[in-house]
């Protein structure tokens, strides 16, 4: 039992990261139906911005978090304006290929500027272990989990209760109608990219802090996992992405903890496929039948 | 027989023989050296991969991101065959056949549940299946796990050339038949296709299985030509690379796949000298090309001799 | 002899009944009109009859070679092979294909050459392709589109697209043809031509035709019998005269829009 | 108008790329295959993974190799490096192997990983280009598929099997351990070879393998597996793999309270291990290597100083191996007195080399005969190094 609880804590910490990255994926998808393959690389850039801010400027964890989120928001919007905006009306696969191009560019660019190797993220937040019986939780795990929850609550509030959130929802349902109703569609899309990228940036800093190892290709796998998390919960649905992120984190941990890590990815994919077959639009998604 | 001897077909035959002869001459004259010969083989294998995925994505309209999964089946079928059973060219042929049979079977298993999904959901499900195939191979004994297989060279560029020819003929002939039209109708409008009596599920599966089998041929040839196969060479990134070739050339255009496979390989070779910026340039090139030509280099157009003649005539007309 | 018999047909979407308890019996060679205000469930009924939707309740029986067989729950392509074809309200042509190919795809169920045969280009393949092409041209001639055979479907003007949809539907060799608003968006002259065409087709192919139409003059002039749907229920049936004077029909239309 | 805008955006993007290209380190951008500056310039091919997944190791080796060539030139030699980047992609490696065979190099150093290496040996061998591999440790990689040694292929690292067996010997004999858990890298042939050899030898010496589990390259979260291990009955943890993951595993294990001995392989050898794991976590950690700074010889110290002066960082084992490989090749060329491939080849085969990673000659499989050292870490610093030779039949 102790071990199970311990594994759940491990799983939720890992899941927090996936969930944060998945949120950005799902928001961008929700609004312009683009699989933003470069999203994982934004997360990587977030980690590098955090790295530079803490090592070169000597700032602490929270300033690093904020600067990194702001930096990523800016990068996200720039990418959207340069690479995706001209393709608003192109096919989805074309936009996907563009996103892949952006992803290559960011990865190779970072390799070139920052070096291909692993960098050690400084330990900017003292790490202590708290024991609950035999179950141990580190302060870092608590920080990661709480930052994730706070950001998610803030995001939910933003989307559901504010004017800009309403605009985002309007654009995601029907951009043309939204435009007619006086919503500035371009600005709303850019704003969505900014928010999604900022969340990825936060995830990057948290990962840097938690694992203290960052490298230019670190975004590839979490990017895919986060995408899976988003699809799992029903892509375009914000609570779905959170659910998916936590679920995948926990499943990976449990498979590795009770069976073998050789099969953890395979199990995640298999569960995903089963979910999609049973609920083709994801766990929280509504299956919309095409109108004939 | 007579039917077959149409002017268009004869012209194509002529072109195939001519290019084979020219390549042979260039190689024996040393103009195409070993480096370019390797590039040529890469191009050939990429063409086979691209047209096989084009059959699934471009012609049938099913967004698959798991194509590397079938390439790896072909590669390991051939690899294990060469390593443990039959060596040399016969081994390659047996490996190709084994790969096609296995990948057809696996494709069926993958296709039946997943092809009910649409668009991005299908993409992620196929990506998942591709990875599962890879992980299974990674954890098998006979495949030597992560270390992969070191293989003797058993495939020459001649073999690859003819494989490209055969695979292209298969895809083109399939595409230009009633069955191919049925696949296209699925891409264009699934509901209308069903209403016209087309079993859309069956055609989706058919295209998927056929594409998978052809991809496994490419994998088998790769194993025989490039000395080493390892599971981590066939991750979803490989599927994405193939997808890039298809979209870059134009979805649905076989000629486009030829051109894009060739251009990408050549670009890669040219940029070799600037290794540290190569991927940066490649990434940017993708973005720029997609921004300017969102439907790829050729869109859905094909190069045909009749089309060429038409263009020539028009050109003449304009000149006069 | 009835060719189509519908009993107690109901379709619920969530809590809403789009079609409820519809009974119909259609005889061989009839030309039936299906009318009703917007949202009355006409297209849903078509979708049920052609297999796009599965009915929640009720049965649909189709006469196949003299025997009545149930087709509810069967896939659209199966129903198509049993001799039912249709056009769509919001034209669903294969846009990127030529006019000729659109029709040839309609003939798919008659294709005998196997996949292998097609890839190997057997003599049978060429024979069949030639046969399909000739037949397709024939159909195109009937709908006056033979000149456009090589054009892409998406480049045809609207009225011709509607005609192409009819040709494609005919290519499946149907016994029953469902036309979903065939005259929508047509000018009076085109509508007149269409009316004539429908008559011609019915005679030429011995068809039973059921059409949804908002153009009342068209419906009244060509339909032998008319069914009227409102809120998913059948509120009237009969010949044009009876329908014109039916109180409930007038109410249904007036209730929706007084200017009608 | 729209096209104009697109064009402007593209131009902007290209400018960004250009600026990126400009601000990177320009040293690694030497154009390959440039003209001979003099007729007696000797070209040396440096074929590494400089971009892509394992670029980390490739770049470390490139630095070592370039330093060796620079020093040789300063000592009056006339060597020119021709750099090839295979993008960590074996297909690319094959093309490059053909390329460098054409470029007329006197010999080639690299690639770093066994996969890319194995893919190129057949071509290089057929083209009679002498290859010195710094770190292709895979079992049998210097042999062709039918089991004969490649005439022109040599490596200066020891084979995985040897190192794995040595660690098992050390664990049983010196550390007096009998129950091991193996946590291995599942994405490399390297860890696979080590695991097999270790398992075999450990069992032979009477030990028990309590559990074996795997991680993948690039993983960062090992908590779940370590939590599982924690409740098992064992006395030593073996981590065959590279420092990128090993560093994190050690950190997470120690933080979780796993305080048993941790043993590993030469993949541990990097400053990064200390950065990643934290110096205080690196106690009771032992690993096998051929390269140690403990009691460094003058030659080794000179190398370390030169490396630091050149690149402003500590050399890793990979840099040292590449440095040795390049020096070995240069020595052989000088001894042969020509760049004739057979002369160079036989000079290499018969060499008695004295390098920073030890002194050795080649055995019949062109693998060095050198002793394995087991290094002990005390607060992340190499405290002690002892030579071990496994009792293998």
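So that you can tell them apart, the chains are marked A, B, C and D in the order they are listed, and the count of residues begins at 1 in each.
Keep this in mind: a contact is a pair of C-beta atoms (placed from the backbone, for glycine too) under 8 Å apart; a residue touches a chain by one contact, two chains touch by 3 or more.
This structure is a prediction, so every number in the text was calculated from the model and none was measured.
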For subunit D, the least number of touch steps when starting out from subunit A: 1
Pair joined by the larger number of C-beta contacts - B-C, A-B: A-B
Chain nearest the overall C-alpha centroid of the shown protein atoms: B
Interchain centroid distance [CA atoms averaged], subunit B/subunit C, Å: 40
Distance between the centres, which are taken as Cα means, of subunit D and subunit C, whole angstrom: 71
Distance between the centres, which are taken as Cα means, of subunit B and subunit A, whole angstrom: 33
Centroid distance [mean C-alpha coordinates] between subunit C and subunit A, Å: 48
Multi-chain contact sites of subunit B, meaning residues that touch two or more partners: 138, 191, 276-280, 284, 287, 291
Set of subunit A residues in contact with two or more other chains: 82-83, 86, 105, 108-109, 111-112, 220, 262, 292
Residue numbers of subunit C (touch at least two other chains): 52, 88
Subunit A partner contacts - residues on subunit B that touch it in the complex: 57, 63, 113-114, 116-121, 123-125, 127-129, 131-132, 135-136, 138-139, 191, 236-237, 240, 243-244, 247-248, 251, 276-280, 282-287, 290-291, 294-296
Subunit B contact footprint on subunit D (complex, rising order): 6, 9-10, 13-14, 17, 20-21, 24, 28-29, 31-33, 50-53, 83-85, 87, 89-92, 94-96, 98-99, 101-102, 114-116, 118-123, 127, 138, 140-141, 144-146, 185-189, 191-193, 217
Interfacial residue positions of subunit C with respect to subunit B in the complex: 50-52, 75-77, 80-81, 85-86, 88, 92-97, 101, 104-106, 108-109, 111, 113, 115, 118-121, 123, 125-126, 128-129, 132, 168-169, 171-172
Residues of subunit A defined as touching subunit D within the complex: 3, 6-7, 10-11, 13-14, 81-83, 86, 105, 108-109, 111-113, 115-118, 120, 123, 127, 129, 136, 138, 207, 211-213, 215, 217-218, 220-221, 252-254, 256-258, 260-262
In the complex with subunit D, residue positions of subunit B that touch it: 33-35, 37-39, 42, 83, 138, 145-148, 150-153, 222, 226-228, 230, 232-233, 268-269, 272-281, 284, 287-288, 291-292
